[in-house]
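These notes open a run of structures that come right after.
Two complexes follow with chain A in common, the first pairing it with chain B and the second with chain C.
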Partner chain A sequence: MLLKTLLARLASMVITLFGVAVVVFVIIRVAPGDPIAMMLPPGASDADVERLRALYGLDRSMPEQFLIWLGGVLQGDFGTSISLRQPVAGLVLGRLPATLELSALALVIALVLGGFLAIFGARHRATPLEAGVDLTNGAALSVPDFLWGLVLILLFGVLWPVLEISGRVSPRLDLPFATQFYLVESILRLRFDLTADLLSHMIMPALALALPLAAIIAQLLKQSLKEVLNLDYVTLARVRGYSELRVILREGLRNAALPTLTLVGVQFTFLIGGTVIVERLFSYEGLGNMAIDAVINRDLPLIQGIVLLFAVIFILVNLAVDLTYSLLNPRLRHG
Partner chain B sequence: MTQTRRAFLQTGIGLGVGLSALGKLGLSAAVAQESGDLTIAYNVNLPSWDPTTGPSAVNPTIQGIYQSVFDQFILQKPDLTFDAGLLTEWGWNEDKTQVFMVVREGVTWHDGSPFSAEDVVFSLERAAKPETGSPMQFVWSKIGNFTIEGNRITGDVIEYDPTIFKWMSFLTGYVLPKAYYEEVGPEGFEAAPIGTGPYKVDRFERNAYLRLVANPDYWGGAPAFETVTIKFVTDAASRVAEVESGNSLVTLEIPYEEYDRLVEKEGLTGEAHPVSDIGMIFLNDIDVMLDKNVRLAAHHAIDKQLIIDRLLRGYGVPLATLETPEYAAYDPSITFEHDPEKAKELLAASGYSTDNPVRFTIQTTRGFKPKDYEMIQAIVGMWRKVGIEAEIEVYEIAKHYELRAADQLAPAAFYNWGNSVGDPTTSTGFAMFGPSPHSVWDSEDLVAKIAPLWAEQDEEKRIQGWKDVSRYIAEECYVIPLLQYVQPIVHDAGISVVPHASGALLPALMTPA
Partner chain C sequence: MADLFEVTDLHLSLPDMTAKPLIGAAPRIEILKGLSFTLPEGKVTGIVGESGSGKSTLGRALVRLLEPTGGSIRFAGQDITHLPEPALAPLRRDLQMIFQDPMSSLNPRHTVGRIVAMPMKRFGRGGSRAEVAAALERVGLPAGFAARYPHELSGGQRQRVGIARAIALSPRFILADEIVSGLDVSSQAQVLTLLERLAAEMGLTIAFISHDLSVIRRLCAQVIVLQHGRIVEAGPCERLFDAPRSDYTRALIDAIPLPEIDPGWLGREVVQT
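After this line comes the complex of A and B, so read on.
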């Protein structure tokens, strides 16, 4: 049953990606901004414009351009970046690990922070402490991630300068890494000096991304916990003499976590989307930062590659969430 | 109770370890500064290491990085004057049918191989080939058929261009290593670029940082700083934080408010000098802009000094033409008065008043240049008082380029124009010559006045000709020049920074104070 679902989802994934490819291809060509006009130097004539247009294949009709691009994609060739003059596939895949590591760290922070606040709020429900949790959630949620980034820069970059403001790793360090997953590799190689340096760069952007998500998790999980904690089996656990914290952690959390899990999956895709602005703010060398440059330069092949990769990530994350939900929910697992 | 105390202790230990780790991380940044590494928070990314192709080749801001690694054919000094670089002599023959260039001897590439006249010819010929994707191919194709005798190069003039040698210190005018480039190819060069410049590339992480080490054999003398780290920090707020926290020792292009605040701080100082970049309003020869009274009134109504004082905190130089005081064809006798009463009279002569205003659209970017949108808002307010009702349309810079190339800009459109060689052809010329895709004012009278100047061989006559054109443009008001921008640079007080009028921030011009 699970395999059948998986195959159906993969088939729909291909159709979705094709749709995304068509839409993106058309939109970025219809949208204002001509990449050739962007690189016109003083003194260029109309003939020079046409020469450059032909060089980048932009002199062909849109359907013709799309078919050429699609043919390349099917062979693993996503084109060449106009501004970076390198194959798009290599560029986006090279940046993907940086964004994934940042997003994963943000997710971990959001889960820990949100989970803590939810449990704390549920433990102290109907007291001023719960109101304090709600107030904290409201504040975290009402401030957008990039603004959190600026606040964090001011606090931990300027007023109390303990964290790095920009970049992914200190330029003075030589990296012995074989992959672009610097954080993972530094841990696996037991190079904790590098891990510390990487974290000193990643904590602020990850926290900026995590805070709104943590607030959502806290709010939803707390609400679910409060509902679950009124059920009979939980009362039974209390009667057995378990402490309230143990009741929440051992009895309540598993059932209350299911709706939160679905939400986290959806929100995680938004979190990845949020990296575009946050990576820019912290000059973090991920996909989001590259995406902004690509848009500024009207680098059509690179925009297409990045958007397609984001689409793949979104689909895979949603698929993973659905599968996990099926595994955790007995009714779906057997039904 | 025991459990609570244990929890408290665990929390305390955790916090202690965390703070200790954070403290260490902070300390490591400070240690890096003390080690002599000059760290610069730069405002743009470096997309490619080929300074002759692609969009980065024509991006003026990136040239400062290129000029740290590569040498241009001809050196340009901070005041925009020219000096011997890799070429020590250059010029035309008597009838201007040939060019000659004398190549500096004793120069080596970063890999230790000798630099020669062949490298110069290779670079010129490569930049002239359309298939390389050089956006400036049309410039370099004007000379060719080079012959080399020792360190002297002679070439034919295919199409006379009086500015050809000025281009040699401008966009794409870089000398690349022939043997190395042919050996490693474009991809290999991108991965490991070498030049003859003051710094060698040590490590490059795209969108993150560039680490340079001094070239001890640099023909102009080894630079003062042994290592330079350029962080690409594209967000202005982050650049402010970088320099304020001491993580970077130099930064540029920050809001003027922040500049004023930072230079007051202990340990920081700054430079704010005019650069070769101006703010202007393109007028398109359509609709109401065909009425000279409307154009002149629109110009007379603008109080440029007030805009500079109130919006740019005094950082700017009001302009009457597209030529700044540093440019070759600047004529201080050309002025344009702020005179709202005269603006009203001109509009009245065309039947307009505050009760019956002339209406048109003005396009502007928002946030592309300092206070661009706010400036246009202020100008629209000044116009309203004399009888001009302008509607503001905000667009992205990419849209501006597209519209300008297609000659479809609104009757008025704000833009900035750089001209780091300071020649009138690359400012007034390309901005106002109808057939140029950069120009939107296409009237025949102006085309007829500019056309003969492109090939004028007498330099004195050529410059005077451009001054006359500037005066004519001001009288007819075919464009509204606004101001010359001032570039803010904030740096550690322990460093001396020499600003370059082109706007390029050059580490080689920085020394310990």
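After this line comes the complex of A and C, so read on.
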């Protein structure tokens, strides 16, 4: 049953990715801007341009280019970056861990912060404290992530400079890491000095990404909690003498969590999209930052590689949400 | 027989949130307007009235889910009218309730076994697998149901789980609020038969709230009729049905649908009206 679902999802994943590849391939070639013009100095002869064009295969027709590219992809070759002159697969996979760690940290912050606000608001429902929670949510939600980034830089980078405002890790540090998952590896190697340095770089961009999501989680979860807390089984638990907080955690939370979980899945993909601009803001060396450079340089193979990877991440996140959903909900489990 | 509940001049008002002004307190609606009655121990007492008559509010006040705003409630000789929740805690085992909607009264994430065992454990009345099985058996459910979730049960079965949870603690009082009104007729009959049997076997004191007098007649020894938050009539069940003293009670009795057989229907003809 589960296996069948998984296989069906994988099949649809392949189709989706193919669609994404076609669309991206066409759009970046139709859009104005020429990668060759970006590479050559002004005054290069037409013959030089033509030669470079032929070198990158850009003189062929678009379907032809696509088939060549697709043929490469199927063999694991995603082409060579025009601006960086390195294989796209290596570049993209090298940056992926940085973005994954940032997004995961942002998600954790959003869940903790949003969950706390929701439970706090539900615990103090119909009091001024709940209104305070609503107000906080409204503020967090109405400011977009990149603006939060600027606010945070101003607060913790300029006015009270306690956090690093740029980069992923301090350049003076010696990194003994074997992989690009710096944060995970620093914890596993018990190098907490490095963990602290990484976190002081990551907290602001992660918080900027997390705040709007935290507000959404807080708002929806609080609403579902309040609905659940009116049900009779919650009343029964309450008169059994359990504290309100325990009633919320034990009887309410799991029943109220499902709508929030679905939403988090959808919103998490937006959060990953948000890394593009937030990483740029903090000069964080992740996929998003690389994507902006690739677009500026009209680096066609690199753009394709990054977009395709983003698509894979989106699909996997949605798959993970669906699987968690059936784990949490006995009704789905039993069919 | 002694009275388990003694209620004197009970008043209860609740804030009307729909009429609440933006700033300031909401106006209060008086729901119970001075009720006095007793509930004899070991008997089933019916509380009837139309919707809005205050019968559910009365039930919730009896088990102290709501705090009265006036008058007094004495339970087993003790004044519980304004007892704070911690002081009520030892009494909670004796004040059990069964609700109208079993889907709302059973946590959908917990198995039936856990649902029944939890209050038993909480009040130190066992809660082992065997004891849960015994409680389920008492309400006519196989022991294997302990592993199931509420959504796998029919409406009647869910309501039995609610009953099992309440009686597992051998409480002195059970509030049954419209417990069969959400069920189809045959499940209703089964649940009522079960409750009738359990009440007789265990000598339960039950306040049975219903809007349906035919259900009350079957189960209850005495009846309290409520209208707009006041008692219009109270007395032994038979007397009330044979010689209702108020027009309201008579109207409620007349509202009981009696089976009438339409000869046209038996002949499977379409009756044009």
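The rule is short, and it goes like this: the second predicted complex is superposed on the first by the 334 of 335 C-alpha atoms of A that agree within 3 Å, B and C clash if a C-alpha of one lies under 4 Å from a C-alpha of the other, contacts with A are read in each partner's own complex, and residues count from 1 in each chain.
Following the convention adopted for this analysis, a contact is a pair of C-beta atoms (placed from the backbone, for glycine too) under 8 Å apart; a residue touches a chain by one contact, two chains touch by 3 or more.
Just so we're clear, the structure is a prediction, and the values are computed from it rather than from any experiment.
Undergrad: Mind checking the superposed model to see whether chain B and chain C fit together on chain A or clash?
TA: They fit side by side.
Undergrad: Tell me the contact category for A:165 with respect to chain B and chain C: first, second, both or neither.
TA: First partner only.
Undergrad: Using the touch criterion from the header, give the chain among chain B and chain C with more contacted residues in chain A.
TA: Here the partner covering more residues of chain A is B.
Undergrad: Classify the contacts of A:76 with the two partner chains as first (chain B alone), second (chain C alone), both, or neither.
TA: In the superposition, A:76 touches no partner, neither chain B nor chain C.
Undergrad: Would you check which partner chain A:44 touches, where first means chain B only, second means chain C only, and both and neither mean what they say?
TA: The answer is first: A:44 touches chain B but not chain C.
Undergrad: Look at A:128 in the shared chain and tell me whether it touches chain B only, chain C only, both, or neither; answer first, second, both or neither.
TA: So A:128 meets neither chain B nor chain C here.
Undergrad: If you take every C-alpha pair with one atom in chain B and one in chain C, what is the shortest distance in Å after superposing?
TA: Here the least C-alpha separation of chain B and chain C stands at 15 Å.
Undergrad: Residue overlap on chain A between the chain B contact set and the chain C contact set?
TA: Common interface on chain A, chain B vs chain C: nothing in common.
Undergrad: Could you please specify the touching residues of chain A with respect to chain C in the complex?
TA: Listed in rising order, the residues of chain A that touch chain C are 231-233, 235-237, 239-241, 251, 254-255, 330-331, 334.
Undergrad: Provide the residue numbers of chain C that touch chain A in the complex, in ascending order.
TA: Residue positions touching the partner: 63-65, 85-86, 88-89, 92, 95, 97, 99, 101, 104-109, 115, 118-119, 122-123, 149, 151-152.
Undergrad: Per the contact definition, I'd like the list of chain A residues that touch chain B in the complex.
TA: Where chain A meets chain B, its residues are 32-49, 51-52, 55, 82-86, 150, 153-154, 156-158, 161-172, 174, 196-197, 199-200, 280-285, 289-290, 292-293, 296-298.
Undergrad: Name, in rising order, each residue of chain B that touches chain A in their complex.
TA: 21-26, 28-29, 32, 35, 37, 39, 41, 45, 47-48, 50, 53-58, 130-131, 133, 135-139, 171-172, 186-187, 190, 203, 205-209, 211, 229, 231-235, 237-238, 241-242, 244-247, 395-396, 398-399, 401-402, 404-405, 419, 425-426, 429-430, 435-438
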